[in-house]
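All chains are identified by letter, namely A, B, C, D and E, in their written order; residue positions are counted from 1 within each chain.
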Amino acid sequence: MQMSEKDVAALVKEISGSDVKKCMKCGKCSATCPAYGEMRFHPHQFVAMVARGRVEELLKDPTVTRCLSCFACVERCPRGVEPANVVAAIRVLAEREQEGNNFSPADVPKLLSQDPEIPQQALVSAFRKYRK
Amino acid sequence: MQRVSERVIARARELMREGTVNKVAGWKAGEFFYDCAPYVFESEESLKDLVYDRFCAANLSKYMIKNSVAAGAEGGKVLVLLKPCDTYSFNQLLTEHRIARENVYVLGVGCEGMCDIDRIREKGFKGITGVDENADGKTLTVHTLYGDGEVAIDDVLVNKCEFCKGKAHMIFDELISDNEDEGPRGDRFAGVRELEAMSPADRFAFWQSELSKCIRCNACRNACPACSCRKCVFDNDASGIASKANTDSFEEKMFHIIRAFHVAGRCTDCGECTRVCPQGIPLHLFNRKYIKDINEFYGEYAAGAEAGQRGPLINYTVDDIEPAAVSDKGGN
Amino acid sequence: MAMKKIALTQLEQLFAALSLTRKVYLPVEKAGQYDYAPWQPGLTYHPEVLHTVKSAKSVFFPQSEDLIRYKRAGLSLEISQQAPEDEEFVVFGVHACDVAGFEVLDRVFLSEPVDSYYKARREHGTVFSVMCAKPEETCFCGTFGIDAEAPGGDVQSWLADGVLYMEALTEKGEALLAAVSGIVSEVDDAGTQAAAETRAAHKAIMERLPLADLTTDGFGADAELLPLFNRPEWKELASSCLGCGTCTYVCPTCQCYDIREYNTGKEIRRFRVWDSCMYSDFTMMAAGTPRPDQMQRFRQRFMHKLKYYPDNYGGAFSCVGCGRCLQKCPISMNIVKVMRKLGGANHNDK
Amino acid sequence: MQPGVVFAQDYQYMCSEAGQNIIKDAIKTHGLTGVVVCSCSPRMHEATFRKAAAQAGLNPFMVEIANIREHCSWIHKDKEEGTEKACVLMRAAVAKVTLNAPLKAGESKVVKRALVIGGGIAGIQTALDIADAGFPVDIVEKNATIGGRMAQLDKTFPTLDCSSCILTPKMVEAKANENIRLITYAEVEEVSGFVGSFKAKIRKKARFVKEDVCTGCGVCMSKCPSKKGLNEFNMGLNNRSAIYIPFAQAIPNVAVIDKEQCIKLKTGKCGLCQKVCTAGAIDYTQQDEFIEEEYGAIVMATGFRPIDASKFDEYSYSTCKDVVTSLELERIMNAAGPTGGVLLRPSDGKHPHSIVFIQCVGSRDVSGRGKPYCSKICCMYTAKHAMLIRDKYPDVEVHVFYIDVRTPGKNFDEFYRRAAEQYDVDYIKGQVGKVYEENGQLVVRGVDLISNEQIVLNADMVVLATAIEPDPTARKVANMLTASIDTNDFITEAHPKLRPVESPTAGIFLSGVCQGPKDIPETVSQAGAAASKVIGLLAKDKLTTNPCVAHSDELLCNGCSCCEKVCPYSAISYETKLINDHGVKETRRVAMVNEALCQGCGACTVVCPSGAMDLKGFSNKQIMAEVDAICL
Amino acid sequence: MSVNADWKPRIVAFCCNWCSYAGADLAGSSRLAYPADVKIIREPCSCRVNPMFILKAFERGADGVILCGCHPGDCHYSTGNYYTRRRMALLFSMLDYIGVERGRTRVEWVSAAEGAKFSRVMNDFVAQIRELGENVKVGDLRCKE
């Protein structure tokens, strides 16, 4: 069954374990983000968009992979929102929407050719998470 | 058990001899092998009758209410033998200022589980004259007037031991134990869950059948270390709910619900109520229900794990669950 | 009257036949425990069960019974009295000890002033005793001179090889057996022999019981009251007593009761309930209780069974050695321990 | 007729004079021992009918009301049903009243003296108001001078007037007022008793300077060779001598010796101050003194402090000298401060050209590093700082990172807008992620959520609007007073809306930030409110207590302390005493209810398993009688 | 379950003096009707309600018991209803556990301003009790004769 965008947003919340309603829109996550310039949507936007149920754009955005998963935003957030986990949840869902869930070493060169700037940390963390 | 037993008895004698204590609360050998009774020994000589074996299930904590005060008045100290589970009751009584701690010397004694003579009888043994613990440590040979038989210890444990809370003592001045604490034994809430899973009608039928056996002998109440009121509301004609016998089936319910409620958050699950009930009513199912509810509603809480704890019913948080969670509707 | 017999497997038919004309009480299992309750189709007798939790006295002297009801009617009081039992019933499966227990109660309730409720039940009830199948280590009826092999009552019976041999002892008993003559059959010599053998085997066991040596020495009408009363050992005997009423309520001879009232909102019910001398409010009076200490209450119970009652009733003891209290006391204190400590070799005169 | 009822009368306006007379006459004629009025809600006329009964010589608490109007006739359309219900309600009231016992309101004395703990603006204002009403007040201040936090401020918002200019006259007035006794450099050690008669033990710490002799000339300070003590008044931005007067306008204007810094007290050598003191005020042998006093009321005015900013390592507060807190900036901007009022950055004393303010440092923070609440004053003082800097030094660029700008208050938003519009303060909606030093330059990285860009700014100074928290002494004092305290250590008010300046513990009042964050005008108005409550209390000669209070039957009490723990008013205490239980004499620990403190909620009655604790006027038996009557 | 139109449930409502009793007064002065089956007992605070009272009501034949107090946080005595909340959660859980129908007991927070809520709650509760029918599980039979 096709899920509505709202259901997907709910799924993001469930996977991330993050309560986006706690966000008070201070922007500390984005202020602290070292990959801010690399990402089309910034951490605070992620949180706001998921809260509003707008996840399609996020799922389609290739720059979500640029999040370093450094967890600075999680560490610094005064409200315990955990934006990095929201980003990670988007990534998981994006992965799931693709054929199969897995991520094999063979995919790495292809990804690199598509985007030579992709941070190594992102690859490693994706590899840890999605290798089956 | 044998080894611990010898050391316990020797140590009690020693403490009495050297004057650390002048009384020893323990279990006194009875007419049969299984009927030792709680007893306060007052001389070293009398300690010849002290036993500590598989049939010393009685919890001695409650006896400390009177005896700790009496010991203080006499300028002495009373030694009490406490099994791991008994220490919870002792702590709870300390929390409630019922025991004069300074007059008590707690000798924690290791326990491998107590046997229930009634459960041995239930296995079909009649006229039991003795049991021997077999070398495997797992079975008993039962001698009867009508021949011998064998029974697995696990099958005849007292209910509280079947669901032992653990082998660790929560309080002691001195410890004699060979047991490693392996944590709780079995799922003590399984019985509660089983009932919860039944339909309300079946639950009602279950309790109706169990409680209709109640003869209101008050053994559960009088054995309970939490039910230590000087005068129980059910004995107090001025309370408005005094009653002496189960004249109507409602009275049993009233008695047992109110009793469970009065000890909620204070009950240490010592299991004495079930052990002493002459009608074999599984009274622990009331108390464990409350312990389970409290754990689920307000976070894990073990009454008597420490002295001085603030019990869940004399406490609150601003975001506690609403009673609506258990009564379908209501609240905000 | 000659002995009759019936196969154990046919007992249900006997109960069914009897219940046409009267209520039949027998030990019935409820949630793992046996107590006397009316027979219903599907229920049968379990000879292997030695004791009901509450003794058979509960049939003649129930734990709770209404006496009178009263309510306001305008400015006056409307009072209605509970009618005493007026229907026939039979109590089946009573063992020798409980039958002896009835005699203990009879001396109290049937002597003046007669207890009309108890008397009515005794008159309308027929006691059908059965010799106990397997006495246990806690049994000591022999101590009180009870012949377990002749359980007594109106009809007494013995079980041998799946057959119940019965014999009427009273007119009531004869009438009862006559009522079921179509179901019970005559007993031949072999049967008489079998019944005698089962009695002999039983006697042999009785002699081997661990409490067979227990005597009433030091107690009874001949014992001196005050020295016994003042024995210092009472204190240690009572020291662990929790003050519950278990021993009292399982006892076949305890006969104390309290009269209480319950306001239903529409009327007042005055009823009586078993009381226990172990309770702190026992014989509570306006000025307080005469026995404020648990030791005194504990002593009262055993002095009554072993001294006061014998004094009042021609030397008979108010204990029948059924052993229920030995099995049920939460802290394993009981009359045997009391008798061992204060009587026998330890008694005052020795 | 119900059992016990001997007289019944129907009348349309029972609450009228004539109706009341019917009741009074009936009481007298029939010798009634109880009265049930079937009428409107007891919330309306219970007092009326009780008074009428009292006038007829019947104890007023022998009156019960059956509410057959609001709870019956006004809501049930079916007349028969309604009548039936009215009868039931009457029956319940009759059942209850037959069990009522005459109650008498207790009386207790009122000591006509108040104690104010804390000598900041809150404490001073409260004390002044109480003193003006003619009651003696003691102010106990832990520091050597009164004045508190307000004395440290440079200007106040939104008027920008000089803080000390408006505070010091009040301080002087407090000293001059005959009814006020200042006990400075002192702490409350013990409090016992209850409303109307508290007993307090106050420790007056040794100053080593005779308070009544010192003239405050200051010579000792200039001669003192030990000058390494951090100047607390200036937030440690500069040093002071071991013997010091906290600041020029200190009240009392008396020196104090810091015994940790004093060479004489540490080594026995020196004694210079004693030599130079012409008044002979120095006394190295001075010991702590104790003052014991009785009070009718106690006011908590323990104030606040900024939280420790070093927990927020992303702002580099502990590593960069030019990252300062707002209160430090107050001192830097103040003419009496370490820089003489010139804006100079702490690291090198140079003039800063760019200043970044960061708001909500530790406020609205549930991560555990900060406080979950809004500190309330930061938005406004930051606007004040920004405006003052832009006003005095137009060359300085000022940026303010904010989450929300909260300005509810008279002329507050106008003030903030002025900062942004007239003074060109750069307000950036967003937070700062990191402050770091790069090649000797402070760099601030933050985000502008509106333009959706990450911003990197060079700054010469960074000012942190750190959250405020209750002064750490508040918890200790509250425990002493058995005043309840919330998870943030703010003192709980008796009712958040209706009794905001009272603690649930009778006789304890709250003034200032100890109850919750507030600015100066709010503090002053609350201080006045607390004072008026105190005056209302002290004006009474006797306190009459609510007679519907808990009562413990000592024969039934187990001594378990459950009741004590649930009592919101600390009205229950335990006593070990000899009890005669039907002839058995025993020493037992039993609960005692202080009727002056008990408010009659009944929480204790339910936790008491033995039923020893009962509530007068709403006893277990009375309520069960009502239940029985209703369920008939 | 069939509902007998003639059957009148007995319902006891314990209301705290400061909020819910006043809320009931407001319901009255606003003429917001609810069934006459509800009878109110005034308590100083919901925390005064002892589980004994509730069982007593059932003993005497009540079909439903409802307890109303100030909203959590608004208690006149600061903390009373917090204790009520815990006690009643546990008591109701036990009643459910012994097989008494859920829904015979309820706790509602009704402020002095919530006359409409009081009326709505009582209408709803009475309807619920009517649905459940007569209380046959927890009552003293002697009171029913």
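One rule holds for everything that comes next: contacts are C-beta pairs under 8 Å (C-beta built on N, C-alpha and C of every residue); 3 or more make two chains touch, one makes a residue touch a chain.
Source: prediction; values computed, not measured.
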Show me the overlap between the contact partners of chain A and those of chain C.
D
In contact with chain A as well as chain B, sorted by label, we have D
By C-beta contact count, D-E versus B-D, the higher one is D-E
Could you tell me which chain lies farthest from chain C when each chain's centre is the average position of its Cα atoms?
A
What's the distance between the Cα centroids of chain C and chain D, rounded to whole Å?
71
Interchain centroid distance [CA atoms averaged], chain B/chain E, Å
36
When the centre of a chain is set as the mean of its C-alpha atoms, what distance in Å lies between chain A and chain E?
50
State, to the nearest whole Å, the distance from the C-alpha centre of chain B to the C-alpha centre of chain C.
31
Within chain B, the set of residues that touch 2 or more other chains is 231, 233, 240-241, 247, 313-315
Which residue numbers or ranges of chain A touch two or more of the other chains?
none
Which positions in chain D are in touch with at least two other chains?
566, 607, 620, 624, 628, 631-632
Interchain contacts (touch definition) - all pairs
A-D, B-C, B-D, B-E, C-D, C-E, D-E
Interfacial residue positions of chain E with respect to chain B in the complex:
51-52, 55-56, 58-59, 66, 71-73, 79, 82-83, 85-103, 105-109, 121, 124, 128, 137-142
Note: in the complex, chain B contacts chain C through residues 30-32, 34-40, 58, 63, 118, 126-129, 144-146, 209-210, 212-213, 215-219, 221-223, 231, 235, 243-247, 272, 275-276, 278-281
So in the complex, the part of chain B that touches chain E is made up of which residues?
195-196, 200-208, 233, 240-241, 247-251, 253-254, 257-258, 260-261, 264, 286, 289-290, 293-294, 297-298, 312-318, 320-332
In the complex formed with chain E, which residues of chain C make contact?
262, 264-266, 269
Contacting residues of chain D [partner chain B, same complex]
555-562, 565-566, 574, 581, 587, 589, 607, 609-611, 620-621, 624
